[in-house]
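A quick write-up on the structure given underneath.
Note that the chains take the letters A, B and C in the order they are written out, and that residue 1 is the start of every chain.
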Amino acid sequence: MGTLQTQLSVQELARRIGAELRGGGAGDISGVAPLETAGPSQIAFYANPRYRKELQGTRAGAVIVSDEDAAQVPASAARLVATQPYVAFAKASALFHDGLVIEPGIQAGALIDETAEVHPTAAISPGAYVGPTARIGARTTLHAGARVLDGARIGEDCILWPGAVVREHCIVGNRVVLQPNAVIGSDGFGFAFDLEGDGGGPMHRKVPQAGIVRIEDDVEVGACSCIDRATLGETRVGRGTKIDNLVQIGHNVQVGPLCLIVAQVGISGSTQVGQGVVLAGQVGVVGHLRIGDGARAGAQAGVAHDIGEGETVTGYPAMPHREWLRMSAALPRVPELLKQFRKLQQRVEQLEREKGK
Amino acid sequence: MGTLQTQLSVQELARRIGAELRGGGAGDISGVAPLETAGPSQIAFYANPRYRKELQGTRAGAVIVSDEDAAQVPASAARLVATQPYVAFAKASALFHDGLVIEPGIQAGALIDETAEVHPTAAISPGAYVGPTARIGARTTLHAGARVLDGARIGEDCILWPGAVVREHCIVGNRVVLQPNAVIGSDGFGFAFDLEGDGGGPMHRKVPQAGIVRIEDDVEVGACSCIDRATLGETRVGRGTKIDNLVQIGHNVQVGPLCLIVAQVGISGSTQVGQGVVLAGQVGVVGHLRIGDGARAGAQAGVAHDIGEGETVTGYPAMPHREWLRMSAALPRVPELLKQFRKLQQRVEQLEREKGK
Amino acid sequence: MGTLQTQLSVQELARRIGAELRGGGAGDISGVAPLETAGPSQIAFYANPRYRKELQGTRAGAVIVSDEDAAQVPASAARLVATQPYVAFAKASALFHDGLVIEPGIQAGALIDETAEVHPTAAISPGAYVGPTARIGARTTLHAGARVLDGARIGEDCILWPGAVVREHCIVGNRVVLQPNAVIGSDGFGFAFDLEGDGGGPMHRKVPQAGIVRIEDDVEVGACSCIDRATLGETRVGRGTKIDNLVQIGHNVQVGPLCLIVAQVGISGSTQVGQGVVLAGQVGVVGHLRIGDGARAGAQAGVAHDIGEGETVTGYPAMPHREWLRMSAALPRVPELLKQFRKLQQRVEQLEREKGK
């Protein structure tokens, strides 16, 4: 990540990030910083009440906040009030930072097959590999050790970090980021248990994984995340979906656009995930399900059934979030309930005995 | 994955996959496809009732099915009835697809130590590495950036995809597939907490991980899966076992033959897994256990105790599957039970009061 | 892992590992081995009662044990009695094994930018990459395909195994080990949902991940583990902390010294983990929490709230371990409780009816 030598008046900054400037006196801004370390020439960001103390003590020149939180900003700081404060912060930070920029062209030590097509504006680092008939689009960067196998296509303005792998014939759109060691197009886990085998007794016979993975525009895939190629046809990740680290996406899964798939989630084969779905960390989803648009699953949920549009589920097995909240509040009371139940049984027995007299 | 220019009569196809041909009229078959996209010159496959609608609407020339499902295939399609339909499908697909084939020999840009032994029929891509005294068997492929360190041995007909690592002295059998970025022989997680340390206070002292990993024949290891070398001796994965992506196998684990270990499973150190065991996605198994032959653990199960031969467990902590089913159906009723229990207590109190009169 | 041709008298061995020698007759020791395979010239180690049978049958020349277990060692073996037996074993094993040693210097096929600074005693294997202005300290080893990007700094005596990635500007201390395909400095998962977007409708706008990762001295990071760079400032892993395979550490997480983080754990962004914390396998920790010094979380726990100093939690949602033990023993009894509750209700109804007579 490079730091740009940018200096902006707070008025100009407000204009560029679409925020309303309140309070004043702030001079030029030359960077962004956390509340606790920001100085008078830096802007900070506040949204989570966990950091109220840091807000109150901040020496930042300006703070990006919501209208609701604006009154809490100390008088020393200008307020940059935004309807989408986190978006405003993202825009502000992007004014001061850009990514690691590599010179366009094929550097010495890059391994490019003679039948590959690499756009002249693409940047290919030493040790990166582009296989036979693969294509790399304009302004795309392959960092050291990124690998694109035979016939795969990478669009424009993509970044493939070291160790990212795109296997043969897979298709990656524009503005896609593959974090280090991400894997696109590994074989799906498809084996048919064959009682007869090929003469050596029973075996798991490999089902050819003859399809591909298609990654649409503006997708990001996290470090060491794996997206398996389809058995037939395509595994697909929709436009603008963001995938965190160490996520597993099985063969023939269809992920819609604008989803957020948090670290260590696993989605089994052939499941269809709608638009704008959020799967929190370590969620597991079994195969062949339909997850409706806008559905959400809480961290570590085990999703064994379809989820309807806009539903939120939690727990294992996953259930509607409210039901889960009630249940998980009640369960720690079960040991005491068992004791009290025995006592109540005894009292009823006593009543029954006495009645008989 | 390459597509072969194969064309077969449906009779010949039936013969080759060991299926019985019913219904007719189908011409030559030139490929396999999903039910919903297959055309008259393609075969499709049906087994999961979730896709009954797709079966009824299919335009496939032939469909591979079980005897039981055969009647549901539309009249336009020939039926290829098999006792093991998924096996028949695997065989059929293999007739039309083969993997990415690399020319035998060491390509320019491959990094081969002069003391390594690479069989002349092995194919070594640019950027692949074979270290000192390592050995690569006949017809084995190392794709770009696969790495085999000092003294490791890879058998015949193996495929190491980009970024797969086999660390020093590990042993890999024949027909083994390592998906991209799989790691064989990383150090086990062995640290002894030393209150005294080496003069700098308490420390976690590293226990040398002096053993190896042995991968037997016909094993597949998924993308970004990690198999740790033994502290002493061997970590072992048995013949024909298939491991999905992002799986962790700790040091000194012994996995028997013909197991299926689904994505994101973790098996802690020294656990012994029998033959034909199935661990579903995200299962965790603690160390030093014995998992009996044919045992199964449901998705996300937390296995803290031995599992007997043929048993199926689920849940956290894992318990017999039937018990877990009963329990997990009952637990959502606990909040209501607590309410009703209070009411019943009051009714008993009332009876007790009245009795006293 | 190399095996050293060392031979030591059992007396000398006892002295070097700080153990008390009891029983005798043992000759020279030339290696360590598991109880079940060790011979008279080898030492073994015993601590786990699961392996009592192996202890009783061992032919090892000497066994490292605690004072408490010493009496169980067969008479044929010398006893090496240690107050910290596992530490003594670690020391003993280190006398007989060292790691894979690479010749110092930059080997042919290594890819080193001309502005990088590589210490002359560092060992850089073929296919390893050191980017512009990056620095590699004394006696550090980069195995084939390890990659250090622009401006990153690696300290002294480190080992970066194949495929390990340190992204731009990250800082790695001394004696740090990065197992194969570990990723340091991937982008944090930071996206601001922007209803307006840039003209193409709503989007997840990327928040620049402008910070770094700082890895302190004596840290080990497991295979395919991912530590995300900070949004601003630093993600930090403290001195002597050991991280297992496939672990996810989010942006701006602060991990204290001497922690143990077991395989497949995920820690979400901005969480602060104290000193000496132990997180067992597959634990998930949500963001912005504080985990106190010496806290522990059991396998698969879902940690959704702060954990106090020295507390142990388990379960999902995580609760004090004792409470969880009581609860998880009680829950399987709920189905029976529901049945008995209905019966008790009926008996109370019966009493109420009779009372009315």
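Here is the rule we use: a residue touches a chain if its C-beta (ideal position, glycine included) is under 8 Å from a C-beta of that chain, and two chains touch if they have at least 3 such contacts.
What you are looking at is a predicted structure, and each value in this text was computed from that prediction instead of being measured.
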Give me the C-alpha superposition rotation for subunit A onto subunit C, in degrees, nearest 5. 120
For the two copies subunit C and subunit B, is the contact made of the same residues on each side, with over half of the numbers shared, or of different residues? different
Separation of the C-alpha centres, subunit B versus subunit C, in whole Å, is 24
For subunit C, give me the residues that contact two or more of the other chains. 127, 145, 163, 181, 224, 246, 264, 282, 300, 316, 331, 334, 337, 341, 344, 348, 351
So in the complex, the part of subunit B that touches subunit A is made up of which residues? 1, 3, 32-34, 37, 48, 50, 84, 86-87, 89-91, 93-94, 96-100, 109, 125-127, 143-145, 161-163, 177, 179-181, 218, 220, 222-224, 240, 242, 244-246, 258, 260, 262-264, 281-282, 299-300, 315-316, 328, 331-332, 334-335, 337-338, 341, 344-345, 348, 351-352, 355
In the complex of these two chains, what residues of subunit A are touching subunit B? 111, 127, 129, 131, 145, 147, 149-150, 163, 165, 167-169, 181, 183, 186-187, 189-196, 202-211, 224, 226, 228-229, 231-233, 246, 248, 250, 264, 266, 268, 282, 284, 286, 288, 300, 302, 304, 316-317, 319, 323, 326-327, 329-331, 333-334, 337, 340-341, 344, 347-348, 351, 354
